[in-house]
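So, here's a batch of structures to check.
Next, two complexes with chain A in common: one pairs it with chain B, the other with chain C.
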Partner chain A sequence: MIVTTQNMIDRTRRTYYANYPSDDSTLTDNEILLHINDAVAAVITKQATEGYQLTGIMSVPEGYISTFTFTSLIKDNDTGFYYTTIPHPPIGLSGNSGVESVFFSGFSGTSRPVLYVSPREVDYFRFMPSHPMAAYYWIEGTTLYFFSRTNLPSTYKLQLRMATHVTSDLNAPINVPPDAIDLVYKLTLEKLVQRKGLAGDDIVDSRDK
Partner chain B sequence: MTVDDAYRILRFIVRKNQLGSLSPQDFQDAFNTAQRNYYDFLIGRIEQYQYGSSKPRVGLGMTDNIISRLMPFYNEVNLPVFSGTVYKPSDLNKIYSIFTSNMYRVYRLEENRLSERIQDSIDPIDEANAFYVEGLATLKIYPTTLTTVNMTYFTSPYDVKWNYTLDGSGRPVYSSTGSVQPSWLVNDFDEIIARAAKLIGVSLKEPIDIQYGEQVIAKGE
Partner chain C sequence: MLAENQITRFVKLTTLVTSYIDESRQTSKEFRRLWALAFRGLTDLGLDVTWTPKQTLLKVNPNLTVDLPIDYIDWVRVGMFNASGELATLKVNEQLSSYKDKSSARLSSLTSEIEANITNPDTPFWYGYWGDDDYEHYFGVGSGLIQPGECKVDAQNMVIILNTDFQYSNVLVEYISSPIMDDDYSVDLKAQEAMIAWLRWKDIQSLPSTRLVNLGEKRDRENQYKIQKRLARKRLKPFRLQVAEQYSRESEKLAVKA
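Presenting the complex of A and B:
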């Protein structure tokens, strides 16, 4: 059975309530999903860090990678920077390892990679000599900025390949390597068991907490 | 088991203890009070709740045995929703479950959590997260865009009636026509009759009947 995110939610609820949840159960899908997202992010960091200790290379296992496409690339006329909104801030691995690559599409192919520049260095770097076709990006929270020497054609799209801990399709296979699913599941349950132990002012008869 | 069977057994208990006769009206009053009492016992006695634990010793949903015993009073209806308002069925006693036409549960929410729930950023107010707040005659259903909901619920036991005609000597003779039969399963009758016997014992100040009733209530027949 291929595990979907919804499977993970249902499995967590069934374990939490030691059965199918009753109608008065208070634990909702979205609440569990938040915990699963947190757990996936924690497991990505754990696996990347462990891999780094073994190989000396900071990288994220492929099972977590997704490619996002952005068509709305807005130019800030004050700064000349382009920007777009990405689904979530990258996983906070050192050396910008949460992002695999950024490139353009929309012209029957893909561009060379857009190069990473640290937000700390961008204001200086911008005035450094560079290739006329080169473009550079950096990320601030959920905003990806980039600049290039030439104006961007309106048909261009931006592609962002990065590790992600969220999904927009609960019924799609979960973006977690099979060997890490158990770890995600355990971390999620660990958080929820703490919730179950908290006293609450509940007046519904025999409510399943 | 018919209402006449119940009356006959109760008369047998009363006669056995030399308490004289039991009129049809006294039987009906005792039996109807007893069955309401037993029904409340199966639903769950609130006096057994403790602070922080709203669980009676015996109560609805505790075991399938209890639910089976309440099945004679189980009902299911499809109710229209008028701008988020559902009118309760007139015979409703205890709501068992509410769900949408797409089989999403509609869970219960107390009034003092309503505003927090509506402002909640985690769970949207949609069919998959539907809930209701109970009022006296209506339920407020969220989301208000729902047009119908299905409700399962328990009705109260109907009052039984032992109808009769008078014979030539003026004595009442049971008539099934016009009588209202109890709805209980067979194995619940003894529990109800014992409770009725206790009530009659109280009425007649007869400690043996009271004791008998209390023993059955505590330990079963």
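Presenting the complex of A and C:
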């Protein structure tokens, strides 16, 4: 059975309340989703790190990868850099493995990869020998910058393949490999159970018990 | 015309960088750094092994110097055409002065205060043996080759200096030129493995030995590069029996043994 994010939310809530939640339950979908997102990010890191220990190669399992398309590429006239906003900061894996690749589309086919520059290389990479046909990108938080020696045609789109722990469609299959779903579920529940176990002042009527 | 998928004589630098990324199971995120390393490797291999000298005919300036081409890196031979269409070399004379060699007044600035012919026992055409109408031998002067003039390369000022009584209007220069990139640099197929071995070595050379690599690994990769470089040189200048036989036969002669 394909598991959607909504399935995960419902399953978590049902376990949390040990049955179907009543109408006055205060645990919202958004709160559970927040914990699921955090759990997915933690599981990505765990699986990538374990894979690295086995193979010596840092890479994210395919099940977490999504491709995002950006049509709004803005040029900053002060710096000459283009930029666009990405859905979330990349997952902070070593070797900058949170992002798989960046390339252009919007014409017949795709460009060669836009070359990655780490933030510590931004100051000097343009003064080094470099491939003249290449464009370069780096990321600061949720802003993806890129440098191109030529002006980009307005029809160009930017494609970003990255590991993602969020979804915009709760009814779409969750971006988690099947073998990791149980781990995500356990981590999510662990956070919620901790919350449930916190001592509180129960003077408000109908507070969850 | 080459057929589709036919192996070409030159490989793009990008292809070699990508081959190494693939081999070492890295990602395209390392491409920028590795391409910059490969560029240095291109120079290292080029200067020692792969860059083929090219010849160009240059005009002699009125001040008896020759401007070196803009893409000059290092010279191999300086000379002129002989009657057989071969390159006849000039004598390299490091004593030729580079004084005012960029000036049009170079020749008039080189006035000697020493009596003529004391320091120069040669005529412009023959060295050591030729007098006015017969051969004579100057004691202590080597025989030399039969060469039509003298030269000295002043790389700093990008000129070739010729002797002050140089008689000709053109000089043929064989030199290593800096490569020009079109869409990418190209590496001779025979040096492909040397370039990849360079990347293997340089990729880890500056990593502290506490991180992933040890000193032995670094030394081993360096040695591998040297082996591959030597192999590339042999591939580019292979042993050919025909040439070897020629050298062997030409070196045999009847001569008085001193």
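Operating definition for what follows: the second predicted complex is superposed on the first by the 200 of 209 C-alpha atoms of A that agree within 3 Å, B and C clash if a C-alpha of one lies under 4 Å from a C-alpha of the other, contacts with A are read in each partner's own complex, and residues count from 1 in each chain.
Just so it is clear, a contact is a pair of C-beta atoms (placed from the backbone, for glycine too) under 8 Å apart; a residue touches a chain by one contact, two chains touch by 3 or more.
Because the structure is predicted, anything quoted here is derived from the model rather than measured.
A.B. asks: Under the stated touch criterion, which partner chain does A:N30 make contact with: chain B (first), chain C (second), both, or neither?
C.D. replies: In the superposed model, A:N30 contacts chain B only, not chain C.
A.B. asks: Identify the partner contact of A:Y136: answer first if only chain B is touched, second if only chain C is, both if each is, neither if none is.
C.D. replies: second
A.B. asks: For the three-chain arrangement built by superposition, which of chain B and chain C touches the greater number of chain A residues?
C.D. replies: After superposition, C is the partner touching more of chain A.
A.B. asks: State whether A:D182 touches chain B only (first), chain C only (second), both chains, or neither.
C.D. replies: neither
A.B. asks: Taking the contacts chain A makes with chain B in one complex and with chain C in the other, which residues are shared?
C.D. replies: Correct list for chain A: none, the interfaces share no residue.
A.B. asks: Flag every residue of chain B that touches chain A in the complex, lowest number first.
C.D. replies: 44, 52, 54-55, 59-62, 97-99, 105, 107-108, 110, 122-124, 128-129
A.B. asks: Under the definition above, what is the set of chain A residues touching chain C in their complex?
C.D. replies: Going by the criterion above, the answer is residues 55-57, 59, 95-97, 99-101, 113, 115-117, 121, 125, 128-134, 136.
A.B. asks: Within their complex, state which residues of chain C touch chain A.
C.D. replies: It is residues 14, 25, 27-29, 31-33, 35-36, 39-40, 181, 183-184 of chain C that touch chain A.
A.B. asks: Within their complex, state which residues of chain A touch chain B.
C.D. replies: For this pair, the touching residues of chain A are 22-26, 28-31, 34, 199, 202-207.
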